[in-house]
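Below, each structure is written out as structure tokens.
Shared between the two complexes below is subunit A, which has subunit B as its partner in the first and subunit C in the second.
Then we have the complex of A and B:
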């Protein structure tokens, strides 16, 4: 009973703490690489509380889709955070199915695309077109990475996948699938080699141009759900790596908790590092980057189906 | 008319419905131009409702056999019928879509007054429904063929209902050609099968390894009729040309009947040849991908829906192929999952695609165009149609919690099970390729339908007609509402529906029926909580802050016009460029003016996509047939002496051939 309470508390702590922490960690890493001090560690929280207090400006072209989709996206990401095992001490719910997760993400995307088309602005339209293209290309990579994990565990439930005992073979699958998930998350979250979140030119943006019309609390919901989505996706990837590690090291529960936190933070630092060191790819080169993600997922798939198969 | 082995409720209601329709066929013809749409639609509703009752009550009983009296004989065969679970599911779909479209017709058809001959339309529609319902209960191949043919001809008449238009005539001819070829294949297959088994009864047919050819012919015939790649050409033409209620019935039910036939004949007959399995799997996958890829670049809303139908049929036939493969490899649970997914997807598509077609019909009449580049901003003019179209699109993109998701999930799970349970690495890899491609297709669907909704309903109106559009009548909204709520309800009740469809699948595959439902995700509760949470968030968090209304961000250049929005062609440009080898996509830009670089006077852009299949394969074949027909035309000189000579020669030849054989 007490352990259940502790795990719930721990979970809520992670859900509340990690999203802003990740954002500021990325900014800090990037700033340090550029020899700047960077904004304060609490900057995301300051920003969010300011947005919460501000009035909202709406375009008269907008329909209910625009604000409805902000609310919907937030709830969907929250659902994913509750259902998916992105951190090892998650209270258990049924519904951590791979395909459900992918399609819930797709539902969120469906509505955010509509929201950006809603204003009738050219920026929103072009951004939606790009976002749809990128997510369409990355969909197989993300799906196959998760499927590769599932085949070894013979289950489509992610909790079952991460509690499945590991051997050397599964270790490689986990590692490759984790990389596949990480690379596709970069695309899904419009991070650096694909999209520059700090760019100033609307025409080159993807994600930022989509939310150009959002302001006030609407923007707050968009930003918070983005941060939470990033936490969950990086968390999934980190869990894959941790799971790969478990084949060699026997992990007590406390160590797993610490590793989960460290994993997410480490990946966030990695994202910051990539952002500091690389430049945004030309739009036409993006499919090539996505091909890396797909290759990782395919490799993971090949290894996982090779186990116990006959070559006939 | 019928002699029942057990006189029961569902058979009686079925017979009355058929009788009603046969009467309507005749009376509509008699009334001709004086036939009124509102009365006909109400009359049409009665047999549809009866059929619905019959389908529901048939569900509760074991299968019913009934045979006609000796008056209704086809050759030497008695017209025998069988109403079992499989046919009752499809009958239910047929009756539901039939009733909804007839309700919709009430406010839709009067707008087509000038073009449509009401008597012809209603008699063809009644005949269409009659033949489809008789097809679904036919237990022997001969009556099946007769009603198959009636269905094809009556749908041809329906497609041609606005035959004053040149395009419609062309479409009708294309459709007629495709359906003739399909029937030819089926007939050949049936006759070959009869020569092996010596029975026309479907239940006596079993396709062992030796009679591959009839099975293959039947499979190909069904593929053509359902419009799988590369036989999909007739589909976009036919659906665009037909009035919306007809396209709704055709896409929702008629193309599904080939799947019904495939299950009834091929799955029940125990087909396990790798060629047929491969045919379904490969053609299904290509159709799924190809259909959506071409749907992406369509400008006509109905054509877009038609192409996405190709995708859905592709997915359905993938499921069928997978079920056959799993049965061959002796993995019963994967086979059961796959066939359940296949039937469930058919059932779901039967609801959301007619819904989308009806919405497209509303838009067509309300805005006077289906061209995406003329639409926009309809969310304010047609708010109700927008919600229906949105729900239909969510279901079509297989997004939770609507009905499309459950069947897509089952298909993924079936592939997934097969990927770990089958021992051969080749099959495992195949399943993964299928999962990955279906994921890509899912992404394409989202792209395609966010485009359709975004360009049609959101933003500003691109033409004055779209800016002044109005909802049709109450009845069109009722029909849309029924179908949309069906999508939601089936989605929320998907564990229950999936379990029932699983029963059908297992009976067809002749494997024991599992007790648990194959779909056990807690969609309904999660949806309920999420909807409450979203409403709460919207009302008490978003609406609590002060709102200022202003225009869309215009970079300080002044008000944006409708032309500064993203167009339907520009929206697909990135993806069309990536897949340009398949789409043959070209962007033609023409800039004119004295100083073209700095002060262009006119800029014209045009995007071009060519269907290679059409231009490089079908057109040459057509040209060849034309040439050959031109040669043969010379024989027909119109002289009776010559024709008598032909008769004599033919007779002589036949006698010689007959003597030697």
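Then we have the complex of A and C:
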């Protein structure tokens, strides 16, 4: 009973602390690469409290869909954080299926598309169409990566897949699926090779142009759910890498906790590094980048199917 | 130094070939080829330690020196000389070629399983079959003569990997002879590509099919 309470407390601490920490870690990494000191570590929290105090400006064409979908989006991402095993000490639930996770993610994206279309602005409209195109391309990669892990574990339940079994055959599949998830979550979160989150030209953006109409507390909800989604997706791929590592070395529970924190922070630093070193891809080159993610996931699938065939 | 590491090296080499199929840039292709050949040299050394044969270490060193250092350097020199840095590809777009090569990997896995086991590992055998097929795919779907050379080299790597993992190994002298042949072949092909560029002002193999009477 006490261990359950402790794991829940730990989990809530991680949910509260990690999203702003990841945002500021990415900004810091990027700033250090450009020889700047960068904003303070608490900058995301300052930003959010400022947004909380600000009034909201709403366009006259907006309906209830716009404000409702921001809240709904936040709830869906929170649900995703409860279901996806993005950290080793997450309390487990029954019915945490991989397909449920994929469709909750798709539903969250659907509501953010709906919100940006509802605003009626041209920027929101074309950003929504871009986001829809990207999600169409990246969804197979994300899905196949999770399915490969599922085939490997002979179960579609997420807690069974990420159960730290010491099966030596896991490592290659876990590593490839983790890479596939990392690459597709870069697209999913519209980070650097696909979309530049810090540019000032709305014409080239995807995610930022979608939330252009949001302000005040509505924007706060959007920003917080974005940060949480980033934590969860990076954590998921970090867990894949930890599972690949764990197939070789048996880790005690405390080490797994430390590793899963370090994994998320390491991947966030990697995202910052990618943002500092690369340039945004041309829009027509994006499918090529996504093709690499799909390649990783497909290969993971084939290997896990092949292993299943030899076991029979 | 276990058999799993040998398999991992073979799979990583096949993955390098897959990425080569997905990239348009010739220099990146050469880089992936270098990586792939270094992995093969590692696999040879691992095989040597598994079978405790000293001559496989020598072959690994020879591969690293000749195929992983001198051939890529020569190819990079040719690329710089010709000023052709990317290959547009024919028929199928490179990302799709990459997926196609993965499907070939899966096919070769099941094919090798249906042929039946020799004493080598089936994972390495399917990786080498996939290297062979991916090299063929590279030669089929690329336009420039340099890509044809690179595809040929990938096929050669596949054949070498198959022979190295499935048999007890060829004699040192045969292996060295093959390596020298490959080196000479690549040199000649590179220089021929250079001459083609000089006389036709392109190295597009699709346009070389017609005979010119000038």
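Throughout what follows, the second predicted complex is superposed on the first by the 303 of 312 C-alpha atoms of A that agree within 3 Å, B and C clash if a C-alpha of one lies under 4 Å from a C-alpha of the other, contacts with A are read in each partner's own complex, and residues count from 1 in each chain.
Please note the rule applied: a residue touches a chain if its C-beta (ideal position, glycine included) is under 8 Å from a C-beta of that chain, and two chains touch if they have at least 3 such contacts.
Because the structure is predicted, anything quoted here is derived from the model rather than measured.
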Should the pairing of subunit B and subunit C on subunit A count as a clash or a fit in the superposition? fit
Applying the touch criterion given at the start, work out whether A:110 contacts subunit B, subunit C, both or neither, answering first, second, both or neither. first
Winner on subunit A touched-residue count between subunit B and subunit C: chain B
Counting only touches as set out at the top, which of subunit B and subunit C does A:287 meet: first, second, both, neither? both
Just to be sure I read the superposition right, which of the two partners does A:172 touch: subunit B = first, subunit C = second, or both, or neither? second
In the combined three-chain arrangement, what's the angle at subunit A toward subunit B and subunit C (CA centres, steps of 10°)? 90
Going by the contact rule set out at the top, does A:299 touch subunit B (first), subunit C (second), both, or neither? second
With both complexes placed on chain A, how many Å separate the closest C-alpha atoms of subunit B and subunit C? 6
Output the subunit A positions appearing in both contact lists, the one against subunit B and the one against subunit C. 287, 302, 305-306, 309-310
Seen from subunit A, its contact residues with subunit B in the complex are 54-61, 63, 65, 67-68, 70-72, 74-76, 78-79, 94-95, 97, 99-100, 102-104, 106-107, 109-110, 113-114, 117-126, 128-130, 132-133, 135-137, 139-140, 142-144, 147, 150-151, 154, 156, 202, 212-213, 216-218, 221, 283, 287, 301-302, 305-306, 308-312
Quick check on the complex: what are the subunit C residues that touch subunit A? 4, 8, 11, 15, 18-19, 22, 94-96, 98-99, 102-103, 105-106, 109-110, 113, 122
Which stretch or stretches of subunit A touch subunit C in the complex? 168, 172, 287-288, 291-292, 294-295, 298-299, 302-303, 305-306, 309-310
Under the touch definition given earlier, write down the residues of subunit B that touch subunit A in their complex. 376-377, 379-380, 394, 397-400, 405, 408-409, 412-413, 416, 419-420, 423-426, 428-429, 432, 435-437, 439-440, 442-444, 446-447, 449-451, 453-455, 457-460, 520-522, 526, 530, 533-534, 537-538, 541-542, 544-555, 560, 562, 564-566, 570-575, 578
